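Read through the structure below, which is laid out as structure tokens, and then see the notes.
The chains carry the letters A, B, C and D, assigned in the order they are written, with residues numbered from 1 in each.
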Amino acid sequence: MSTEPADKQRLDPRDDVRGRSRVQDTPELRAYYDELAKHSTLAFWTRANDIEPWEPQTRYVPTLWPYRTMRDLVLRSADLVDPARAGRRVVVLINDSDAGRHYTAACGWLFSGLQVMRPGEITPAHRHTASAHRFIMEGAGAYTVVDGHRITLEKHDYVLTPNGCWHDHGVTADGKTSIWQDGLDIPLMNILETNFYEVYPEEAQQRQYPENDSPRTWGGAPGLLPSRLEQWQAPWSPLMVYRWRDVRPALVEFSSVQKPDPFDGHIMRYSNPLSGGWAMKTLGAQMQLLPAGFEGAAHRHTGNVVYNVAEGRGYTQVGDHRFEWSEHDVFCVPSWTWHRHVNLDSKAPAFLFSFNDFPVVESLGTYVEQPEGSDHGKSAF
Amino acid sequence: MSTEPADKQRLDPRDDVRGRSRVQDTPELRAYYDELAKHSTLAFWTRANDIEPWEPQTRYVPTLWPYRTMRDLVLRSADLVDPARAGRRVVVLINDSDAGRHYTAACGWLFSGLQVMRPGEITPAHRHTASAHRFIMEGAGAYTVVDGHRITLEKHDYVLTPNGCWHDHGVTADGKTSIWQDGLDIPLMNILETNFYEVYPEEAQQRQYPENDSPRTWGGAPGLLPSRLEQWQAPWSPLMVYRWRDVRPALVEFSSVQKPDPFDGHIMRYSNPLSGGWAMKTLGAQMQLLPAGFEGAAHRHTGNVVYNVAEGRGYTQVGDHRFEWSEHDVFCVPSWTWHRHVNLDSKAPAFLFSFNDFPVVESLGTYVEQPEGSDHGKSAF
Amino acid sequence: MSTEPADKQRLDPRDDVRGRSRVQDTPELRAYYDELAKHSTLAFWTRANDIEPWEPQTRYVPTLWPYRTMRDLVLRSADLVDPARAGRRVVVLINDSDAGRHYTAACGWLFSGLQVMRPGEITPAHRHTASAHRFIMEGAGAYTVVDGHRITLEKHDYVLTPNGCWHDHGVTADGKTSIWQDGLDIPLMNILETNFYEVYPEEAQQRQYPENDSPRTWGGAPGLLPSRLEQWQAPWSPLMVYRWRDVRPALVEFSSVQKPDPFDGHIMRYSNPLSGGWAMKTLGAQMQLLPAGFEGAAHRHTGNVVYNVAEGRGYTQVGDHRFEWSEHDVFCVPSWTWHRHVNLDSKAPAFLFSFNDFPVVESLGTYVEQPEGSDHGKSAF
Amino acid sequence: MSTEPADKQRLDPRDDVRGRSRVQDTPELRAYYDELAKHSTLAFWTRANDIEPWEPQTRYVPTLWPYRTMRDLVLRSADLVDPARAGRRVVVLINDSDAGRHYTAACGWLFSGLQVMRPGEITPAHRHTASAHRFIMEGAGAYTVVDGHRITLEKHDYVLTPNGCWHDHGVTADGKTSIWQDGLDIPLMNILETNFYEVYPEEAQQRQYPENDSPRTWGGAPGLLPSRLEQWQAPWSPLMVYRWRDVRPALVEFSSVQKPDPFDGHIMRYSNPLSGGWAMKTLGAQMQLLPAGFEGAAHRHTGNVVYNVAEGRGYTQVGDHRFEWSEHDVFCVPSWTWHRHVNLDSKAPAFLFSFNDFPVVESLGTYVEQPEGSDHGKSAF
């Protein structure tokens, strides 16, 4: 969205039609505009074409964060600051654009960073309106405590920290230095002016439940739920961790009985088993399997996505950028940007973890998708 | 509910209060009642106390069907009739009461029977408004085909045949004679006068999807769902089979982190992963683990339950009946009847499969539960 | 549903197909059947065709209750019994069939009766699991108190008494003898064995809210709701009365901009403004306008309906019965029975109030409708 | 949210606690920060306290737009431009802040403007992702056509133009110059990068339905809905206009039986009669009655509100601003800003129309409210 002064509104020839603003400047109008400005107003037709674009125009650019670089940077942070003073020791991924820098965003309203923890360290307990989730990349002995529920974390597990829940993290003394990717909706919560923060009275929460009670209660078997559902009233998933040791074979099985989607291969969402919807109200996450040699078709859609390569090698074309990727590289696809995925390995599948703002876009009724080759001039409605 | 003539309405001393009918017979009233009868009417106060009881009075009696007897009976049926002519070779469990015989019901609105199939046999394909499900008891090589989805069945798997779905069953030629328990809502569908039936144009359906596509698509990992949910619009669960090999360890895990319920030990429901609700709209099913030596408290509730012992030995007190049970014994608990479960094994847990009409009772807003020892005179509302 | 002994199952030539039971009697089978009966079992194939009919076979018959007769009968009850001893002074409408008499039902699971109250009388306060509603037919000064909400009632108003709500009724001393039609789901609650009853500690409830607070809070203007919805959590409508002075003109407006439905003319439902669904979970009600001279097409559907003529004259063909009706005549249409409505007045519209069990049939997923002339052999699924 | 460089992060003494970032600058860290910047990253602890504020900090300021000024300005626009070239002749209300000017916003994500139309004029038909609604302020003969439904508009009516619906407006030749207030979610749709726009192939839509079919079908009587609900599948209200002639008396009735809310007097929402929720997914609207002499208590909440005085005179304290208001003055209350309303008329009620972004804030689970005098230090969670 342009922030040009009203009288310099862009003149797109496509706008010279009935139903668009086509008012010519005159001295009288200029005087009128000056008068309006004095009264906290402006003339709609001087801004209309700008604020009602023919289609969305993203302010974000496709950006790649290669893991071999990121890993070095985040490990260095462990030498430079301690988590007690840093709050959290995170290297934030900043979209390579003015908007990214302004909103501290990886893409759209998605915040992301790589966090590192050494054996024996803990991050101080706190909570915030912003929702968070994490995708474990490497290490051993990591855990998180969410509202008193302690959850152990292994490579490629996906874990939730829903909005308003107390949380602290750590790595056990006998563990290994651990790195994970954080995803949060901080930019959205700030832009909506609804972000609160609170520190816990102690450094860490006491565990209030048996270890891993969340997955052992809610994640035992597909479709099997405790009969006393009144145990859970929160709007987010009671299943707070999704194990890679379950998810990977599930995707392989899924891919053995279903045709691949032309754009995304075999793609599944982490969902709330009590509702079938996204696990949280503002952040979604998915895991997809690109079959060996998969060459996806291009499409674009509203909503933003940040990817983390779980396994394999390939490339994703995002607008004009071709991002070659291998394990743990991170890249993003901004709203309404054409993109397609290719698995460059002809023998083995690739796995892409990704997270997104689809729960927001869908709940507001504004998800739009366009496959490549569909009539370009056709309405998006 | 009594079917006595109006003038013989029962006289319960408890009814001699304001708000109950307490009209004395008179010659004028008798003449009036006769007149009413001529016009397809009657006087409310001659029936009121009877049709508005202080609390539900079940017409069903607690009944036990021991498997050692049932197994012989159902295996004999395999010698006596062939499935093509019998439609389905099922020994129906009839509640030991007038109501059970009248409505062909095991308990309340629940139909149940034991079905046997020999290697190489199939039952002809058909469909009906009544919903069905099955709990596999013994055998090998059994399968069902539901609306073109072929599902293989192993011991203690639980499988759905939702209302209106085409279905046929069989045992492969290299399998073993198989016995399962059918559960259906036939009495409810008949009493609601909404039961339709249709035979398939051919003996068996062609498989339209890869084998076991339902569990491989929807049952891969807890909380993991295909991202394209528009694949499934039906009101029942797309996950049509729940595997014992998943369910048993899930219950063991669950029991390791949760306190047992005083009445039911550790109890979980088979649910629709797209909604978190019951898998079907009229029939519910649960599996429960009674810890070693568990001595449950008594309670009663509206709704009817039929149990099948999956594993272990113990007894259940149902009203005045004490049912000692071991593997595959079937017994029922009628609506609003006191009952408690005891695991007689001090070393090993017991597992009880059960099915019920709770989805109906709950969706109509009429589920009521009372624990033993709570104030008996207190309102059930 | 037949209650014939198993060996006398009806032999319908249509049943001589694969997928239906076609087992011939033999001495061995007879011996087997005797053995089964000893163990609370029976052979499915001896009952299958009977309990799985090709289509629903209602046990109820179309019945008409002419108001000129009913009015006399119900007024006589006011001379014969007083409400304090009768509980409620109601002439119950009994379907002219064994089922109607057995279940005290007007049609299907619907109970109905005409209640009369004289000026100054009250009925003692009580509550029950059964839900109730009332359609006011004549009089002045009638009121009801539902859980402390006092509601005044005028001719053709429709008022709720949801399940479990305390209620008492009366007519003010300066009013006129009042007659209304009660509708309840008593037969359903009894057959589900979930019916509780309780008397109020005093004869009448104290009003806890301003008079008519329910319609004045929730029924002020279409689509306008109190912003603090947390005021209402019950599963039934907070709007407990629907005024004829609003409903009649609304239907006239509606009919002026919509084409009539071929079967029902212009038909609207009394709904819960918080959900758009039926006002209660087990009982539905509608009001329909048949345009002057309307000749409806025939259809049939599952679910039962009881009509009360609010205005006009015409006839309804129900199966083999032609019911000519005028104001306040009551008649019923049993499940899956062909019926069509005709307005015999060529100048004025007719208005039919009706209530039904559609909320039950719909929530269980078993509503089926068939228009006349559609392929009779076609599946109802 | 500050856009200061990372090394100038604000230093709030409240932040000197465990759980907040408290890292001191060092040369090594500065070098590290420079390195991070080269790789599209930054150190979380240099921004953390800024992007995770203790509580929301709005970028908007309370602003008042007095009608006597606005009316003159908008009427002048009618002399200066014609609607065919202007698209829509709207004076946009711009929040008196950088954010307001940047996002073309009245407050938060709410766009608003005053639109004027002369007799015989029409605005060209178009549609957009942004949802719109209008509150009629003066004139006669105005109408809108929404997806072929023509709706006539009178003073203080509230009318919807849901997202993606074709719409054009006009004033009939025999009408009077009309002014209304537009409300849209344009800033939100742009910031989410999901805003599409399309012009209609002709200047105006043909009416496809009888005039006012929407209110005559869906707005006849409270709680009365067409029985064939399958007529309406859209996620917004089928009732597209709420008449002042219905709404005003409804509020007066409501206020006669309910106690006033301490903050808002008697407040009701325009809702979707099919769901009881807000009429659209992104924009909400309410009408409230402040009793004669009402002196409201102060509270604050997340979410933004724009008010238009429908009737009466009084003032609203918003943060440090005291806005005295009378008919048709417009003012706003930004997110998490203390405010209270006072009716200065001791004889007559005042009526405030308002619209808001509560549907967004609520659907994302981030609505927080704090009454004045509650423990200020207490958690907002």
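Following the convention adopted for this analysis, a contact is a pair of C-beta atoms (placed from the backbone, for glycine too) under 8 Å apart; a residue touches a chain by one contact, two chains touch by 3 or more.
Just so it is clear, the structure is predicted and the values come from calculations on it, not from any experiment.
**Q** Figure out the least number of contact steps between subunit B and subunit D, where 1 means they touch directly.
**A** Counted as steps through touching chains, the separation is 2.
**Q** When A-B is set beside A-D, which has more C-beta pairs in contact?
**A** If we tally the C-beta pairs in contact for A-B and A-D, the bigger total goes to A-D.
**Q** Counting only Cα atoms for the centres, state how far subunit A is from subunit C in Å.
**A** It comes to 52 Å between the two C-alpha centres.
**Q** Would you kindly tell me how far, in whole Å, the mean C-alpha position of subunit D lies from that of subunit A?
**A** A distance of 28 Å separates the two centres.
**Q** When the C-alpha atoms of subunit A and subunit B are each averaged to a single point, how far apart are the two points in Å?
**A** Taking the average C-alpha coordinate of subunit A and of subunit B, the gap between them is 44 Å.
**Q** Hunt down the residues of subunit C that sit against at least two other chains at once, touch-wise.
**A** Not one residue of subunit C touches more than one other chain, so the list is empty.
**Q** Can you list the residues on subunit B that touch subunit A in the complex?
**A** Against subunit A, the touching part of subunit B is residues 209-210, 212-213, 215-229, 237, 239, 242-243, 246-247, 249-251, 253-254, 256-258, 261, 264, 267-276, 279, 286-287.
**Q** Using the touch definition from the top, list the residues of subunit C that touch subunit B in their complex.
**A** 1, 3, 17-23, 28-29, 32, 35-36, 39-45, 47-48, 51-59, 63, 65, 69-70, 73, 76-77, 80-81, 84-96, 100, 102-104, 108-109, 111, 113, 124-130, 163-164, 186-200, 203, 235, 281-282, 302-304, 334-336, 360-361, 363-368, 379-381
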